[in-house]
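Take a look at these structures.
In what comes next, chain A is part of two complexes: it sits with chain B in the first one and with chain C in the second one.
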Partner chain A sequence: MKVFVDDRAVEVPAGTSAMDALFEAGRDVPYFCSLPYLSPIGACRMCLVEAGSPRRGQDGQWILDDQGQPKIFWLPKPMASCTLAASEGMVIRTQTDAVRKAQAGMVEFTLLNHPLDCPTCDKGGACELQDRSYEYGYGASRFVFDRRHADKHYPLSDLVVLDQERCIHCKRCVRYFEEIPGQEMIDFIERGVHTFIDGYEGGLPSAFSGNIVDLCPVGALLDNVARFRGRNWEYDHTATICTGCSVGCSVTVDARNGRVERIVGRDHPAVNERWICDAGRFSHALEEEGRLTTPLLRRGGELVPASFDEVLAYLTSELVDVPPAQIGLYSSSDITLEEGIALEATAQVLGSGHVDHLPRFSQLPALPRPTLHQLAQASAVVIAGADLGAEAPVAELRIQEMLRGAAPPPQFRHGTAIADLKLTERMERHPERLAIFSSAPTSLDRSADLVVRGDPQAALSAIAAALEGNAQAASPYLSAAELLRRPGATLVVGSELQAAGGLRLAEKVARSSGAALLALPADSNALGLAYLRLVPGEGGAAYGEAILPVALVSRCRRLPAQWPRLLIVHDTTLSALAARADVVLPAVSGLEKQGTLVNLEGRLQALRPAASEVGEATDLIPALGLLLQALGLRSPVRGLISAQRALAQRFGARVQSLPPEGALLDLGEPFLAETHLQHQPEVGAWAAAHLAAARARAAANRALEVAK
Partner chain B sequence: MTATAPRPITSGLDPRFALSLYAHVGEQGSWTLESYRARGGYQAARRALSMDPDRIIDEVKASGLRGRGGAGFATGLKWSFMPLKDGRQHYLLCNADESEPGSFKDRYLMSEDPHQLIEGMLIAGYAMRATVGYIYIRGEYILAAERLEGAISEARAAGILGSKVLGSDFDFQLQVHRGAGAYICGEETALMNSLEGLRANPRLKPPFPAAAGLYGLPTTINNVETLCAVTHILRYGASWHAQMGSGKSLGSKLYQISGPVHRPGVYELPMGTTFAELIEDWAGGPTEPIKAIIPGGSSCPMLPYQQDILDLPMDYEAVAAKGSMLGTGGVILIPQNYCIVNATWNLVRFYAHESCGKCTPCREGIAGWMVHVYEKLVRGQGRPEDVDLILDMSDNIAGKSFCALADACLGPVQSSIALFREEYDHLASTGQPLYPRQSRWLGGGAR
Partner chain C sequence: MRYFDDKPELVAAILAKYPPQGRRSSLMPLLREVQTALHYVPAEQIEEIAEIVGVTATEVRAVMSFYSTYSTVPQGKYHLQVCATLSCALAGSDELWDDLCETLGISPGEVTPDGLFSVQKVECLGSCGTAPLVQVGELGYHERLSRQDLHALLDALRRGEYPGPHSPLPVFVHSGQQEDAAGARHGAELKPLGENL
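Moving on, here comes the complex of A and B:
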């Protein structure tokens, strides 16, 4: 339908809000309470416009004015454009004197009780209220009374602190918890000008609490880990991908003076929308603890710092009599495709079949993989042997989106709809669309009508039987089978099922029910690495399966069953494995790498290195180069550029020029083999460790504050 | 019917006028089922239950009854917005959160004649296929709530509420819910939030309650007096109701009068009765010179106390034509000798206290700023430009807030400045009120 905004005409789909229509037309209104993915509520009253619509008469024709044009019936009051539905022929005015005065007056009201402590506020320089006051305000206040005073350091949880004075009552955080993770934990208390935000005594028991810091339009909600660590203009902002799990959320990593101070969510409508989990948000706290910045070499039984030259000399002498084909190469599954192809090339140069990555798939279902967008629009979801909270937390949010029927919001030239009128507060949720079969409690249990504790593989067998019509009477398995038969249903299987080798069974269930199948990768790039030749070759041993003369192990937390005689470890910290190594090479973390990752939906996304100081740490490619150099060998993949060239040769040129949103590419046939190593995701433990580190850092931050 | 239509009843002194709503208020035991039955109670409900529900709505439409909660929306039309035949659960809510300063009519309806309300709700519920009703009563109305609870249990025991009401196939459950003391709960969508156990903030409209109300289901919400009037319409007929009043304002109405008059109180009069009749003939006239009249509860703009206003019929259109509203019919008189700034501050303080905090202009403008400017003026610390500041601030609030609460506060503010600007200017420039009387709020350093 056609909408007229000032002097411009735009075509927008039916159901568009006046706010999105006017942004689509390239106009601007200030707003504080609206936010993409949240329901519009019209609370801040900033986005006022004048609006009118033509009307149809009894005959169904437009009522015309004197000039023969459709007569515009103006609404008697200025309207909040976020909650006003645009209609055919609507005329919106954003530039009149009345609109300007209304907006300026509202800025004045909003600022009345705002403390204006911008010079000491962490939001300063990135504050919506600052920007909007500058653009739309009077520039001065006529308020002569004392401002409202309240607690400026009110901890909502260990990680999020509230400055009650700065709050402008936009209700974004309150709506966020109710609408996105579906966990109501905070609300307004008191009323009138005394209204403030508060929650339970137990902090914010959600795995997604940090998002309220990102969405706060002012500096009221602050990340306690990053609080007072830097001003917004001092940070180096790096747009990259979180490597915590296989969802691959878009994040911005902010570093100052070489230290990562905070991670904030970045809008990616198809993947994480704009939300990230707390484990990913606060991961930098742990990633920076006890970092190795130089190689270590075992001398006299002790690991001591050494130069790369010394390491090279040491390896050269130690590897003289070692047949290259007996050297093992093992890596965790969070390495990039570039590192992976370098690993593959190195194994080929060595002629070694002792190569593996872990945790990994032992097989991949030969079914098209659903995207996260499809998951969010599924008619029903059955989860077998997966705890999304520990394996792919943000996928849990997409399932919550599915449960409240919030179809992905429309996209405009200005991005995701700012005020999507389909969304409302307290939308009805549909727990009957979700069934969970797992042996341990999962984070989504609270949202599902059907939760069955027990062996997921047995459950899946029973569902398969039910699908074949062999079920007697009503049972949870029959209900799950019926859910899966719904057109557009999805079966999600995770670590517990895959560890038990249940993927073939899951594939069978998916095929016979017609449901899509999402097999969760166990690590951030486990899916991508499945398309490289990184599984034990002819006569090759899996990790720890045989006693090898030499093995290079990158970022593995697991200890091998059989130790190699010479162990080279490439890691960020002195892990339990590294502590027993003969040579330790410093590694960069996922935040500091450049390369490509493949997320659980098969989307290739580019990693960019944050501006942090990591000494001599490198990614895996130079570490492999060092090994080859010691042997006097040379790999065709010796750096990032040659790795990307190799990837382009393998997967096509598009992997070299990924668009900002990444790309869903067909990577051909996977190379997989059975593995006896349990498919065990580390995200859960990883998250717990990260949050503990973040809490410690927040506490240290607070102690510093008190000391000052 | 004679060839010429009879002259409408527009005066309480008209011999044809008889009390209906308040006919038994003040009688000993009037709240019992026994008393109610003795005077023909529940006959209207019996008649209604034998009718086609749609015919009841037609009859209410024909009666010309308009909502008595203040807005004056046609009741029958409102009922017809319900998706009558969709088969879903419908709710009937009675808004008994009477909290507007100057309004105190519903209180006695509920405490003195609760069965009248129960019968009205039964009829309305049957008409709208609503089998569950809630009476959301102001928390301070303790006696009224107790009497209502008592009346509901009596009615339940007598088969008037519950399943198979009065032997028919209709089920009707009725509950009393006591509010916790917030004016905003009188706003229909905030009332529904409060009833659901949520924070009492108004909801976005549309969707309107008839489409998605309580628990997201079709809901109609009516004032206590409206529902009581329904009882009498069904008992005596639409034409009986329509013979009272004139134009589009028909029926019998409860007017309240407060301020310096000899007999302040609630008076049931036909619509269209003049202010003069209420004040002089019924309330016994003012006890001292009056300068302003608030025609319908504190949110209605003040009018000057002068003959052309006093001669106005108290109906929706006539009062609106003078730039105010009939509202709930709660007439407040402001004495000549009372500082108008102080009187207005009293009202502004009420609205500031009751602002729910959801939207910026009300929370910051009224509760955070305007009330302080008034206090400053009243304390004699104002500046001459403060009066224009209040007007400009009012302009920035007017029509821009989420619900009507902020605009309700502006009613007395803007009208008092328009009428008594010299009082404001005098106080702002000299620090002394033109008229000496002040509210007790200034004593003892009370804020």
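Moving on, here comes the complex of A and C:
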């Protein structure tokens, strides 16, 4: 469909909004209420343009003007381009005096009751209203009366605070809750200039509430944890990946004076769109509590700060008689591929088979993995033994997307459609496309027609039987089997099923029904680490399985069943495990390191370190180097560069130059081994701890505010 | 017992007016029902309506707060709304309002002890030509209301007699410029300046 924008002609698919057509043409209009992934509603009236289209006469031919050109029938008034569908031959004007005047008038109108307290506003410097007023406004107001006064510190929840005076009633936050997580939380109360946002269900009981802070075009909705902690231009922004779970959401980490103050969502159309979960957003408050910045050495029964030289001297003397092959190496599964390959190399240099990473599962599916995009477009989803809210929160949003049939949002040169006319408020959801089998309640239960409590393995066996035609009539298993048989269906399995060894059964069900199989990895890089030799080798012991003379354990929170005689712990804080160690090496957190992670789709994504002060803390590679040095050994992987080189050799890909959207690569054959350690999905537990820490910091912020 | 517990037919009749996908539309008649019966919509009924319709209480509040006809605080049997916009203000609505509040001994948000009256200032009621005016609940307009008229109205309401709406023809500025259905001309005589007052 050809559309003419000012002097430019542009081809857009049918169904495109005038707004996206004009952006595609390289033109630009201001907007407050539209937002990619949300329905366009034409609430703010900022995006006004002049538009007209040719018409066909009764003969089906274009009606022509005096020059013999299709005659343009202009719409009598400026139109909101976000809710106007572009049509064949439409002419859009974005640069005329009338358009400029209309837009400037709207800026003036929007600013009528705006407090203009930019100097004390947390959004200042990154505010859509500031930018649009500057760019499109008159620069002056004729409003001489008192502005509206309302509550400036209205807490919507512990974590999100509303400044009612600043709200410009764009309705993004209201629409977000209904459309994205599918939980109606807040609405407009009152009318006209008195309108404010509120909810009467108490707090914002959603695991995705923080996103409204990112999408508010003004400083009305604020992150209570980051509030008053810095101005936008003072922050060092780092575009990186959340390491909370295997979704691997794109985030921007903002640090000021060496301290991480806030985390905001970043658009990745294929992974998290622009949303992140609250656990990921507010994780920094906890990450920073009780951080270790120097090594600790046990002296006279106490752990005391020491230098790396002292640690080296200590280890050198302690390890004299220890056979290297008896040294254990264990790490959590959220380390980067770089750290992982260094760990693998170290184990090889030591000749030790006592190596493992946890949490992990014993098996990986041998079927191709669906992407999150495919999940969002699935015709039906059956979940067995997974609580997405605890294991992969943002994947839950992609399932909500599939329940609305909203995916995929059209992509243009300017990115995701800003005003996708397919989306409307209160779109019909299809709970009949979702079935859940798990023994405990899950966060998605509310969205599914078919929810069966019980052992998911038994359920999968019954579904397998139903697929083979051995089902009694009309059982939930038969219904699930029918869902899975739909072309484009997906089976999602999580920790409850995989920890119990049910993956082969899931594969069988997927194979016989033709459904795709998404097995949620146990941790943020558990999938990537499976392609490195990081499982117990010949005669090697799993974590805590044997009493070893020495073990180095990196950031495992689980206590081993059998303790090594000499324990070296590499961790961010003095965890229960670290408190019993002989040597503690300070570690950086996921926000602070560089490397590569593999998410649940198998997408390699780059992790970049936030500009935060970490003292002497390091990632795992130098910690391994120290151990080897004490033994007088040398590993071929001694730093990031050599790790990347080793990864390039192994996987044939340069991980240091991944494209911004990451890369879906074939990593070859995984290294698998049985594990007896039951894995608990960590995000759920960690989410509670993170949110508690975030609330504490928010409370401290409020106290600060009262003191002022 | 909640309000609709013993009125299943009423609820069914209201819900039946709308197609299933338009179930949310029944919010308005349900709110109307409670407002008329109780003279306000208590928080408990907000929850109740939300449950009946299958929406959140927040949404019920959102709809309800948009319309000034619903109240979250108790109102008297006769809710007296005094227009305070420009034409009425010029015609003495401020004095009328003060007199009303003083006579009844209440301010907005309060109800007289006998439960009969509550008062509210409202914006233009669209009858500027017959300013000042008071609207009695949903019963009717009382236009070109003098203080005596107001007291007479209050007395009648206290006796339980609603005299019916009072809508005199407006005073026209120029004579003969308005005509009624029968073609007869109406309007005040144009007298020398000042004599009209």
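As a convention for this text, the second predicted complex is superposed on the first by the 705 of 708 C-alpha atoms of A that agree within 3 Å, B and C clash if a C-alpha of one lies under 4 Å from a C-alpha of the other, contacts with A are read in each partner's own complex, and residues count from 1 in each chain.
In this text, a contact is a pair of C-beta atoms (placed from the backbone, for glycine too) under 8 Å apart; a residue touches a chain by one contact, two chains touch by 3 or more.
What you see is a predicted model; the values in this text were computed from it and never measured.
J.: Have a look at chain B and chain C on chain A after the superposition and call it: clash or fit.
T.: Because the two structures are overlaid on the shared chain, the partners are seen to clash.
J.: Go through the superposed model and pick first if A:239 touches only chain B, second if only chain C, both, or neither.
T.: After superposition on chain A, A:239 lies in contact with neither partner.
J.: Report for A:704: first if it touches chain B alone, second if chain C alone, otherwise both or neither.
T.: Neither partner.
J.: In the superposed arrangement, does A:83 touch chain B (first), chain C (second), both or neither?
T.: first
J.: Could you say whether A:142 touches chain B, chain C, both of them, or neither, answering first, second, both or neither?
T.: Only chain B is touched by A:142; chain C is not.
J.: Please indicate which partner A:45 is in contact with in the superposed arrangement: first for chain B, second for chain C, both, or neither.
T.: first
J.: Could you look at A:199 and tell me whether it touches chain B, chain C, both or neither (first, second, both, neither)?
T.: Only chain C; A:199 stays clear of chain B.
J.: Could you tell me if A:641 is touching chain B, chain C, both of them or neither one (first, second, both, neither)?
T.: In the superposition, A:641 touches no partner, neither chain B nor chain C.
J.: Going by the contact rule stated at the top, is it chain B or chain C that touches a larger number of residues on chain A?
T.: The partner with more contacted residues on chain A is B.
J.: With both complexes superposed on chain A, which partner does A:188 reach: first (chain B), second (chain C), both or neither?
T.: After superposing on A, A:188 lies in contact with both chain B and chain C.
J.: In the overlay, one of 110-118, 146-154 or 164-172 from chain C clashes with chain B and the rest don't. Which one?
T.: It is 164-172.
J.: What is the shared patch of chain A, the residues that chain B and chain C both contact?
T.: Residues 187-188, 190-191, 428, which sit in both footprints.
J.: Report the residues of chain B in contact with chain A in the complex, numbered from low to high.
T.: 182, 184, 198-199, 201, 203-204, 216, 352-361, 363-365, 367-369, 372, 376, 389, 392-393, 395-397, 399-402
J.: In the complex, go through chain A and note every residue touching chain B.
T.: 40-46, 48, 76-78, 80, 83, 101-102, 105-106, 108-110, 112-113, 142-143, 145, 148, 168-169, 171, 187-188, 190-195, 424-426, 428
J.: How about chain A: which of its residues touch chain C in the complex?
T.: Result: residues 184-191, 198-201, 428 of chain A touch chain C.
J.: If you look only at chain C, which of its residues touch chain A in the complex?
T.: Within the complex, chain C touches chain A at residues 21, 46, 55-59, 61-62, 65-66.
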